[in-house]
Each structure stands twice: as structure tokens, then as C-alpha cells.
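Shared chain: chain A. Partners: chain B in the first complex, chain C in the second.
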Partner chain A sequence: MPEPLAWQISTVTAIRVETAEVTSFTLELPSWRPHRAGQHYDVRLTAADGYQAQRSYSIASPPSRSGEVDLTIEKIADGEVSPYFHDTVAVGDKVEVRGPIGGYFVWEPAFGGPLLLVAGGSGVVPLMAMLRERASADPRPPAVLLYSSRNFDDVIYRDELAALAAADTGLRVIQTLTRSQPAGWTGYDRRIDRPMLSEAIAAAGPAPLVYICGPTLLVEAAANGLVELGVPPAQVRTERFGPTS
Partner chain B sequence: MDEPMMLDANAVAGELAELFGFEMTATVHRCAHCGNVGQMGTLLAWTQGPGITLRCCICRDVVVRIVRTPTRTLIDVSGAAYMEIRTA
Partner chain C sequence: MTDRFVSRGFVGRAREAGDGAGRVPPGQYLTEGFPVLSAGPTPQVPLDSWEFTITGLVKAPMRWSWQEFTALPSRDWLVDISCVTKWTKLDTSWHGVSLDDLLGAVEIEPRARFVTAHSYGGYTTNLPLTDLLNNQAFVAWQYDGSPLEPAHGGPARLVVPHLYLWKSAKWVRGLQLREEDEPGFWESLGYHNRGDPWREERYSGD
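Presenting the complex of A and B:
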């Protein structure tokens, strides 16, 4: 049985800007433990007066990288923790974390597939950890990512997703941009709905393992829609972010 | 119940692990109200109030309540008929 979760002081070793609102932080951990794709870390900030703020951030990196994890963090304008990361944290800074956390919203290659992943905005982060792990799995189960973003420039991991899909006939990425679309856009241009979910199910294949992550209302709509289309509820795992900011 | 504020028990997995000493979201429970058997991770979570409330994803009744004060933590699991913690 693993030891109880303990807080530890990590060191920021790399920072990568993903989009205008989203940045990935690589944390080096003195007590690293292998994680499972879909898990998260809790991050705790402590002010000089002792006030503490704590948030959970999904791990974006695959478990195969030892000693460190990438957390991809969206900046919430009125948030307590994410603005600190975006505006203040620099390489070399120390950050208090505990993890990996969660045993429910996880996927590992032994679970098999097919995988049907549905993401809204930064909900793509834990699903990306799954796709990154799947990329090096043998065999690789078929996978579909249905991914909703507001605008083209808000698509997190855009180039990597395109490269993964181009190199792998077993991976299908279906995208929708709900606010604006660039010229020549061939994806969808509306919120995730029944036809999109039907297409995703058809592309994934029978009895998919479903992981849905994003704002609560998107997760509700997608989960209910998939169940209405015949996916067994027990195959649908959800991670809700709360209200859209 | 404020639906847009609803999260999953996964959101409080760290707190649950801290209180119980185990990873709890994969733990199986039975809802004392409707009898649904499922993993704790299927519970719906409300975390914006003075405590944490976890509700059954089927009947929406309260399964677990956790309230922390500066000196103690109150855990009400009367909504769970049982919990099965895997130890091996």
C-alpha cells in the first residue's frame, strides 16, 4: 500500500507557454512517484501571514518521465493560484505540491480501449496525458478525442495533437471552435452536440472507455448525450471543472 | 443544488486521501438512500460551501459531508451504507 500523501517542495525547471491563457510548468519532485494518466497534483500557496490557497491541477506529462511532472495551468483572471503561476513563477522557484492524486479518472494501457475522450478547453490536459501515454503503448488501442475550444488560438497542444493524429491512423481528433473559426476551418463551429457525439462513437468503435473533462455544463451535456446514444453509464468517467470562467 | 458549481469527488481526492489515509476515489461504496453501488469517484462534489458535500450520482442524496474547523474535522458518512477499502 502506498504511503499517505505528503506535501513536498518541488522546483520549477521549465515553463512553456501553450496559449495566451495556458502555460505548462515542469516541476522537479524530490519524492517523485509514478503517476497514472488522468491524475492530478494539489498545489498549495502560503502567504506571509499564513493564509493558504490550494488548487488541483492535472498532470499533462506521461508517467514514463521520471522525477518530474508537467502541470498545464489555465489562468483564471480572478483566481487565487493560477495568476500567481502565470505572472510570478519563474524557473528555479519552489512550489509546494502533493500527489499524484486520484484513482478514478485514470487510464493506463492495461485498460485497453477503444478510448473516447471528450474535452472542453483546459479539460484536455488529463486527456493529453492519456494520449501521450497511449502513443508509446503497445498495442495502442483506437482513440478519439472530441475537443471543444473557443477560438483557434485557444487550442492547447494544437501542433502536438496534429502531429500525433497525422502519424497514427488509430487516433482521430475531432475539433470544434465555438466562438470564431479561421478561414478554411474544416472542423465544427458549435458546442458539442448529438451529431458530434455520434460521430465520435462511430469513430471510436464499440463499447468505448469514455473520459470527459471540462466545464461542468459541457461535461453534463456530453455525458448525458453519450448515455442517451447507448454508451453504458459505467463506462463514462467524468471530471468537472465547475463553472466556465 | 447549484448545478454549474458541481464537481466530481475527484476534485477532493487529496482531502479524502489525507483524512482516510487511502486513495478513496476508487473505493466502492453503497448509497444508503438508493442502494447504488459505485466508486467514490462517481460521487458529485460541492466544495464552495463551508464544507465538502458529496452526493450520489444516481439519487443526488447526500453520501458524505466533511467540515473542517480550526480545531477539528467532522466527517458524516451516514449516507454510505458501506465503504470497501482495498488493502491489497
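Presenting the complex of A and C:
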């Protein structure tokens, strides 16, 4: 029998606000196991009367940070677990988790590249783990991130992405803001479409490994579009979500 | 056991009687929507080339075209479904043919004990034959009175409601009967081999 993936009690050691709706939580794990970029942890909350709620959250940190993981969590207004994290959890709190989980939507440096990453909203989280791991990989495969957000202030990891791209000619970040754009915005201003996907393919180079994560409609449009543009379906890995409450 | 861990300040949603009481497996929450989860692009399968086959340990393999398949005796199914990603949806309404009827159309060799479901796009999942019999499973081509959308597994999807939904193979194109169990796609990637939501069989070793 395979060894069960045991629940463990982690400790929140840092909290970083990413955007108005999105916050990252650093969890220190007593039984840390190295993860692969793209994997997630399950979180289980228990009320005093024994009631429990579970959700899955993508790991944002690279596996090189041993002993801890960052989970980046979007607050869903009518949710149950994400509001608890945003409104109640403080540094020093204990959170029950198990992981890492997921063996398909993963990337490790040995897979090589080029990488073509497509994100919508908080779907960028598992892709950020890939970019963070790639940043310290040697060699570093070329990578393109095509990232759709609603507004400028909703762009998760905005400064870090800008810094990564500025320091690395092998990384191209193509952004679109679908709802509003600040003055002087030079990115796209509409939903991800065929011209953007063509540009991303051209920038990535031949035979890219594709990872797409975001809301269902975005993932469907991007995956179908890339396949129609000639990317083999077997090269396209998707992670789809409605909001995880 | 030591004292149970309690999450500081966690209350959770109101627990009301009738709120799906007794129908939501442990660790699951109710959803009204129908989330879509799959590992790759949605295959587009034209109906004029669609087929469904039963192969492997059978006296003679069977094959149906779309016309033949949808002309089989079929009925409505009202079932609760649970996805390993934690959501449960009650009273989902499908239309399709029972696996009893499909498997009744072939002569199964006595040593057949397992089934691999194969899908367009390459997905596979494995099940014990006993999980597919006695009206526990069906192949559906309608959801909520409309043709099953590709994103939800259309043209046709295996539905095995008493197991986590990854066992309900989308875009199903055939069943292969086998003597030995053979892990399918997710079963090879850390997920549980059987996937009973009431036993919370999510991951290998659960």
C-alpha cells in the first residue's frame, strides 16, 4: 500500500497581501516534503463542534524553499474557507493541511521547455511556482506567461513578475486587462483571443509545454485556440476552476 | 487519539437540517454550479465518426455508432455527484443507457473482473466490474434535458455516481474488460484506486 498522505498541523509564519482579494500565507510544515511546481495542498478547517470544511489551494512557492510553502488564496465573498483565511488567520495560527497533491499539472526543470503559461486571475498561482522554480534553474528554458486580469490592481505578483522579466531575456510576460486599464497601459485590453495566443506561441518557440490555469471559459478558449493553432493536445495541460470558496 | 484539532475562530457555514443532510460525503461542500475540471483540452468528437466499443475479455467485441447507441433502451437518471476537488452536487439529471444493458449485449468471460474506460483524448480510468453493474452506472448523452456539452464530457460520458467523479470518464469511447486491475490516468498520478467518497478515498493510501 502506498503511504497515506497524512494531515499535519502547520504554523502560519508570514502573511503577505497581494491584491485587495488575494493574500499569500506562508505555512511552516512539521513534515515537509518537496513538491513539484503546480501541485496543491488540501486545507481542512475544524469548528469547535467538529464540523469540517476542506478546500485545495495551489502552492505558489518553489520547492527549493524547504520546510515551508506559500499558499496564495483568493477571497470568495460567499465562501467558507477563503474568508476564514482572509478575515481570521493571523501569524502564529495553526492550520491543518496535507500535501503536496497532484501529479499531472506539474513542471520541473528536467522537463525542459519552452514553457507557455496561460493564466486567468488567481490561476496564475501554480504557474508562478513554475516561474519561481525556473528562475533558479540551470539551464533556464525560454518561457512566456500570457496573463489575463480584470484591472491593474488585480494583477497578482505584479512587481515580482516585472522584476523577473526585466532581469531575464528568456522570460516574456504578456498581459491583458479585461475590465479597465491605467493611463499609458501598453498591454492588451480584451479577453485572451487568437492573436494573443499566436503571439505567445511565436514568443515561446517551437513545441512548447503548455500549462493553462484559470476560470473554465478562459481555459476552454485558450486550450482550444492553441490546439487550433497547431499545438498538439498532449502538450497542453489544464487546471480549471470555478471559484474555490 | 489526542485531542481533536480545532481551527481558531472557525465557525463554518450554518448547518441546517435538510441542507442535503446525509447526502454530502465527508470533506465535501454543496455547490449549485457545475464546475469543469479536466487535465487537457476538450476533445471535439464529430458524431458521424463517434463510436462506443466493448472489448477485452468478451466472446465477441461490440461496437455501436452514435445512431445505434442512442437508440438503445435509455432512461432518465437523478443522481448526486461528488468531485475529489471537494464539491458535491445533488439531484443532477441525466439521460442515458445503463451499463447493465451495455454489458448485457456482450458475453463476458468469467475471469473478467476489472474494466478500463477509454476516452477520446486518451483519458483512462479503471473500475472493478462490480462497480458498474446493478444499475450503479450509465453512459449519458444528455444533461438537464439538453445534449451533454463537450466541456462536461459530451458527446457521451460514463457516470458512476457512487464514486468520485474522475471515475465518470468524460468523452468515453469504450470499455475494456480485463482480468487484472490496471491503474488509469489519475490512479497512476497519486489518486486513489477506487475513490469511494463516503470513505474519503481521495489519494493513494487513504
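Rule of thumb we're sticking to: the second predicted complex is superposed on the first by the 240 of 245 C-alpha atoms of A that agree within 3 Å, B and C clash if a C-alpha of one lies under 4 Å from a C-alpha of the other, contacts with A are read in each partner's own complex, and residues count from 1 in each chain.
Rule of thumb we're sticking to: contacts are C-beta pairs under 8 Å (C-beta built on N, C-alpha and C of every residue); 3 or more make two chains touch, one makes a residue touch a chain.
Because the structure is a prediction, the values reported are computed rather than measured.
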item: First (chain B), second (chain C), both or neither touched by A:Y84; value: second
item: Which of chain B and chain C A:T11 touches, first, second, both or neither; value: neither
item: Which superposed partner A:Y51 touches (first chain B, second chain C, both, neither); value: second
item: Touching partner for A:V227 - first (chain B), second (chain C), both, neither; value: second
item: Which superposed partner A:R237 touches (first chain B, second chain C, both, neither); value: both
item: Partner chain in contact with A:V95 - chain B first, chain C second, else both or neither; value: second
item: Chain B versus chain C as contact partner of A:T216, first or second or both or neither; value: both
item: Overlapping contact positions on chain A, where the chain C interface meets the chain B interface; value: 1-2, 4-5, 42, 56, 101-105, 216, 220, 237-242
item: For the chain A and chain B complex, residues of the former touching the latter; value: 1-2, 4-5, 40, 42, 56, 98-99, 101-105, 216-217, 220, 237-244
item: Chain C partner contacts - residues on chain A that touch it in the complex; value: 1-5, 9, 42, 44-48, 50-56, 80, 84, 88, 93-96, 101-105, 216, 219-220, 223-224, 226-227, 233-234, 236-242, 245
item: For the chain B and chain A complex, residues of the former touching the latter; value: 3-11, 13-14, 17-18, 21-26, 39-42, 87-88
item: Complex contact set, residues of chain C against chain A; value: 4-13, 15, 26-29, 31, 33, 35-44, 85-86, 121-122, 151, 185-186, 188-190, 202-206
